[in-house]
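A, B, C and D are the chain letters, set down in written order, and residue numbers restart from 1 in every chain.
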Amino acid sequence: MSATATLSPGLLERGVVSLREEVMPGVWKLRLHSPRISALGRPGQFVHIQCAQAADPLLRRPFSFCDINPAAGTYDILFNVTGQGTAILAAAEAGQAFEALGPLGRPFTIPDHGTLLAVAGGLGVAPFPLVARFAAERGVRFRWLNGAYTANQLFPVDQLPGAVEARLATEDGSAGLRGRVTELVRAELQEATMIHACGPTPMLSALADILFDHGGSAPPCEMSLEAPMGCALGTCLGCVVPSTDGGYARVCVEGAVMDWRTVDWIRLAAMGELIHHRTPPSRVGADVKVGD
Amino acid sequence: MAELDLSVRITDDLVLATPLMAASGTFGFGFEMEKVGGHAGYGALISKGTSVEPRVGNEPPRIAEVPAGMLNAIGLQNPGVEVVAGTYAPRWEEWEVPVVVNIVGDSVEDYVAVVERLESAPNVAGIELNISCPNVGAKGLMFGVDAGLAHAVTAAVRSATARPLIVKLTPNVTDLVSIAQAIVDAGADALSAVNTYVGMTLDLQSGKPVLANVTGGLSGPAIRPLALHAVYTVSRAVSVPVIASGGVMSGDDAVEFLLAGAVAVQVGTLNFLRPDAGRFVLQGIEAHMQRIGVRSVGEIRPAESQPSAQEAVR
Amino acid sequence: MAELDLSVRITDDLVLATPLMAASGTFGFGFEMEKVGGHAGYGALISKGTSVEPRVGNEPPRIAEVPAGMLNAIGLQNPGVEVVAGTYAPRWEEWEVPVVVNIVGDSVEDYVAVVERLESAPNVAGIELNISCPNVGAKGLMFGVDAGLAHAVTAAVRSATARPLIVKLTPNVTDLVSIAQAIVDAGADALSAVNTYVGMTLDLQSGKPVLANVTGGLSGPAIRPLALHAVYTVSRAVSVPVIASGGVMSGDDAVEFLLAGAVAVQVGTLNFLRPDAGRFVLQGIEAHMQRIGVRSVGEIRPAESQPSAQEAVR
Amino acid sequence: MSATATLSPGLLERGVVSLREEVMPGVWKLRLHSPRISALGRPGQFVHIQCAQAADPLLRRPFSFCDINPAAGTYDILFNVTGQGTAILAAAEAGQAFEALGPLGRPFTIPDHGTLLAVAGGLGVAPFPLVARFAAERGVRFRWLNGAYTANQLFPVDQLPGAVEARLATEDGSAGLRGRVTELVRAELQEATMIHACGPTPMLSALADILFDHGGSAPPCEMSLEAPMGCALGTCLGCVVPSTDGGYARVCVEGAVMDWRTVDWIRLAAMGELIHHRTPPSRVGADVKVGD
């Protein structure tokens, strides 16, 4: 009877922490040993991680694959601490296990020729090490546009696999162009066979404006979106963004990686911030390492 | 485990292989979860709320996490009864697990129209009347908070279908028992207790409510003690089976609801936390049955009851 | 911090040095907490519910832990108004923090008798009328769930005292707003929103309710989203100040209630978790004020409001 | 203004785990470095420990001082895993900190001469190492009566400080008398200057019966009681047991150590079990060490 049915391979797996590293100030990389998920994961897909065992925090937390080593059976996530869930992950030690759902969502389409233009703002850098790895394997040229507020928030270029051509932008001018990463895009459009973008919604919508201006001549562009998630399986309808068909698209299944034309950028802009952070745990003292 | 009897009877036409039902809105129409083996453990699936016309649902943000729970204001996004009856229902044919359709409406006529369209659809094991979704504006709520209106819509739907009819109570009322009794008088075969509790949360940066809809329905473990009290009081007051809903995270939680007076138990938010929620909870129930040495899940029932402070009031 | 203005006005006679009040029943009569420095941060203390005659309270177990909350059924154990007025109140003289007396009763006469005895007592900064404690049998509850009864008891108490009168709402109702309005019409100076939510939990071994009283009141973070919605709707419907109560665990939580429409915020269960709860929450409020750069706590108020799905119903 | 008032010394202090040890099968000893609490703690008093930082589990957990080393600034607690809170403590590692309230409650009265009769059942052994230490310091004779279901659940006598005269009882007869520890008591009453008891309520009430039989001739007896606790400070009135005055006594302030005559044993027996364990955390996988 149905009680004997099993989950599709790899969907639910415990990942054992094998490495925790502060890549940039306040930005952590966590490596999880999770063979089945690591064998199946593709660039732009994500895992839905259960951070706590008790009833609070209740929901899982979605994180893009930052990089994967199928041979070693590990995948990496890259994150900063914004609340309860990421605080737990940032305090995790080698040997600790977290149950993850994955791989989930639609991956980036990796072209098999030409130039891949990667546009990343802030923590939108997270999925690109794996994208760069796949691009390198296919001999695709990888142009890297990375923007941040200041220099030490830019992702270390040497941590991107393969031959990377990088152009940088910082709002304080401490590295590369003084300004926003999207200001680097126009000059690159000609050469781009395809664009992959990930970052804050304002950045994605600025990019969409540029692509819109170029109309038919703009290269195909895929964007990784964010929305608060319940199930990450398509059932709760909680993670939607407005779509050009007048309705809504689920970030977890129609995305997280979507063709930029799927999203109704005008309605989305009118909605304001979709992401809201929770008040962090209120009671000090317990369950923390001294010094943390 | 083979020799354990897990089946429960809601009506003669709705006998479940297990006491667990996937709660409406937490399982879609069953297709996504089938792909991941998520049907396992369930005695029935309850569909997302279905309306006469398609609904696009509310603007995002639609969900927000709160302590031991979540708020949702999905706005009953659904493809409409035509698609459910014409496209989805036929595909339920191959499933072993029966599907109950949860229906919503803005008027008695709406509800009746949905049920009538479903009459010609195959594989509809029953109807769950949602008179309690707190998320759709004005009319959607009123039926569930007023005994007269609840009676009226139940009676109208009752006369429109011979299928097993479950009516789902909203807990956001002063006197749940009198509303439950009115619904039973109107011919409901069973009651679901309970739907979500109306709540909200605000964003400290913007100073505004997090949910675009301002308010949302609270679900998850946070509401379990409240739902337990609802099941306890209602099950003692009515003659029909009560199906529990609210914060079930484990087999022990499901057992707690059976001890409170439920005949079956819905699993909702847990489906978002574990795609194998049905099997996970069922295994917990089986483990409990083996611990206490009962062979039939029906033997897990209330100890002879003490009067509740609440009952005393009424 | 020195230059921050934390004071809030409930009435002209009840202006608090900080927006925080220790919630009734979570602070005794203030003596135990004084010994441990627990008064710090509070603008007022609210006493345990006080009745005409002493009450021994309910049989144990009286409390049970549940997800992100606790159930309590203390049964209003208290020494009676004679001791409170004659022995305790004089000892409040030396405290900087004002004490509001929370009063309970089984009849209008009871409530009035308590207030009348308190009239001659010193150092009573105000009265909080508890018409909502879900733990005492029949009569105790009814006032709070019926607009007429709530109006009657409020009016009777109002005519018995000129002191600041706060009436504490029970959330276990269908239409909190209409009850709140009836209470304001009867002369209440302010409203507390809200008391605990009726819940229960059962023991899997015995199959019986854990609490000897069967049901208990749910408090703690689990109820915060529900209390926020109550404060949000009530504060938009009435002219008097609304004092929030429900699940405050931090300064940010208190700020969330101010943004929802509260003028002051009660801290309850947190006093059981931290004897320095008042100071802990106040420091969090001060930190938030510095972050957003406001000097007066009164500036933390609702962003221009959007209609709530709930309000739309009414 | 009152915001400058401070807590009485030692009441709220973070304890840093310096040792975790499985003393008996499933019974853990945790040593916390917490100088102020360790300087003030007395035998029979307890600490109220915050196990989690998130909202679940919400309440603190009370534990008796098992032993204290004021010089080292540490105290020990002894516990078994019965649910969420103790599971967190049993998984704690050196360096991890837990915030504790304490010392709380009334201590045992240590006589200054004669014979102290200690009666411990099950985990009721917890407070006695510290009691034995104080007795030894005062040159008081320490008679140790310990009962359990089976031999390996008896507290290792060699872990009690000072010269200990032990008499044991096990229900399965695997060590000492086959039967209950209270059956050892009668023979000891003559010599006892004072009795200290801690254990399951049925054991305490059986002991109370014996003392009642002996009327005036019975030695003074103090018992450490248990009840679910909210505040542990006397304000919530949640931790009561029925008292002989017809009302209720708060275990946290009128106890945990009470004169046996304070408790109304007849009413208490009628109330049945006061202790109920919660369903353990329901979601597997997260936040646990592999192998746990």
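Going forward, a contact is a pair of C-beta atoms (placed from the backbone, for glycine too) under 8 Å apart; a residue touches a chain by one contact, two chains touch by 3 or more.
Bear in mind that the values here come from a model prediction, so they are computed numbers and not experimental data.
Peer 1: What are the mutual neighbours of chain A and chain C in this structure?
Peer 2: B, D
Peer 1: If you tally the C-beta contacts for B-D and for C-D, which one comes out higher?
Peer 2: Here the pair linked by more C-beta pairs in contact is C-D.
Peer 1: What whole-number Å value describes the gap between the mean CA coordinates of chain A and chain D?
Peer 2: 50
Peer 1: Measure off the straight-line distance from the CA centroid of chain B to the CA centroid of chain D, and report it in whole Å.
Peer 2: Spacing between the chain centres: roughly 45 Å.
Peer 1: Using the average of all C-alpha atoms in each chain as its centre, how far is it in Å between chain A and chain B?
Peer 2: So the centroids are 35 Å from each other.
Peer 1: Quick check on chain B: which residues sit in contact with 2+ other chains?
Peer 2: 66-69, 204, 206, 220-222, 249, 252, 256, 273-274
Peer 1: Chain A: which residues touch two or more other chains?
Peer 2: In chain A, the residues touching two or more other chains are 50, 54-57, 279, 282-283.
Peer 1: Connecting every touching chain pair, does the picture come out as line, ring, star, complete or other?
Peer 2: complete
Peer 1: Can you list the chain D residues touching chain B in their complex?
Peer 2: So the residues of chain D touching chain B come out as 54-56, 279-280, 282-283.
Peer 1: Under the definition above, what is the set of chain A residues touching chain D in their complex?
Peer 2: 14, 16, 50-57, 84, 88, 95-99, 281-290
Peer 1: Hey, which residues of chain D end up touching chain C in the complex?
Peer 2: 1-8, 11-12, 50, 55-60, 101, 227-242, 246-248, 253, 271-276, 278-279
Peer 1: How about chain B: which of its residues touch chain A in the complex?
Peer 2: Checking each residue of chain B against chain A gives 17-18, 25-28, 32-33, 35-42, 48, 56-57, 59-70, 72, 74, 77, 96-97, 203-206, 210, 212, 220-222, 249, 269, 271-276, 279, 282.
Peer 1: Chain A touches which residues of chain C in the complex?
Peer 2: Touch residues, chain C against chain A: 67-68, 221, 249-250, 252-253, 256, 273-274, 284.
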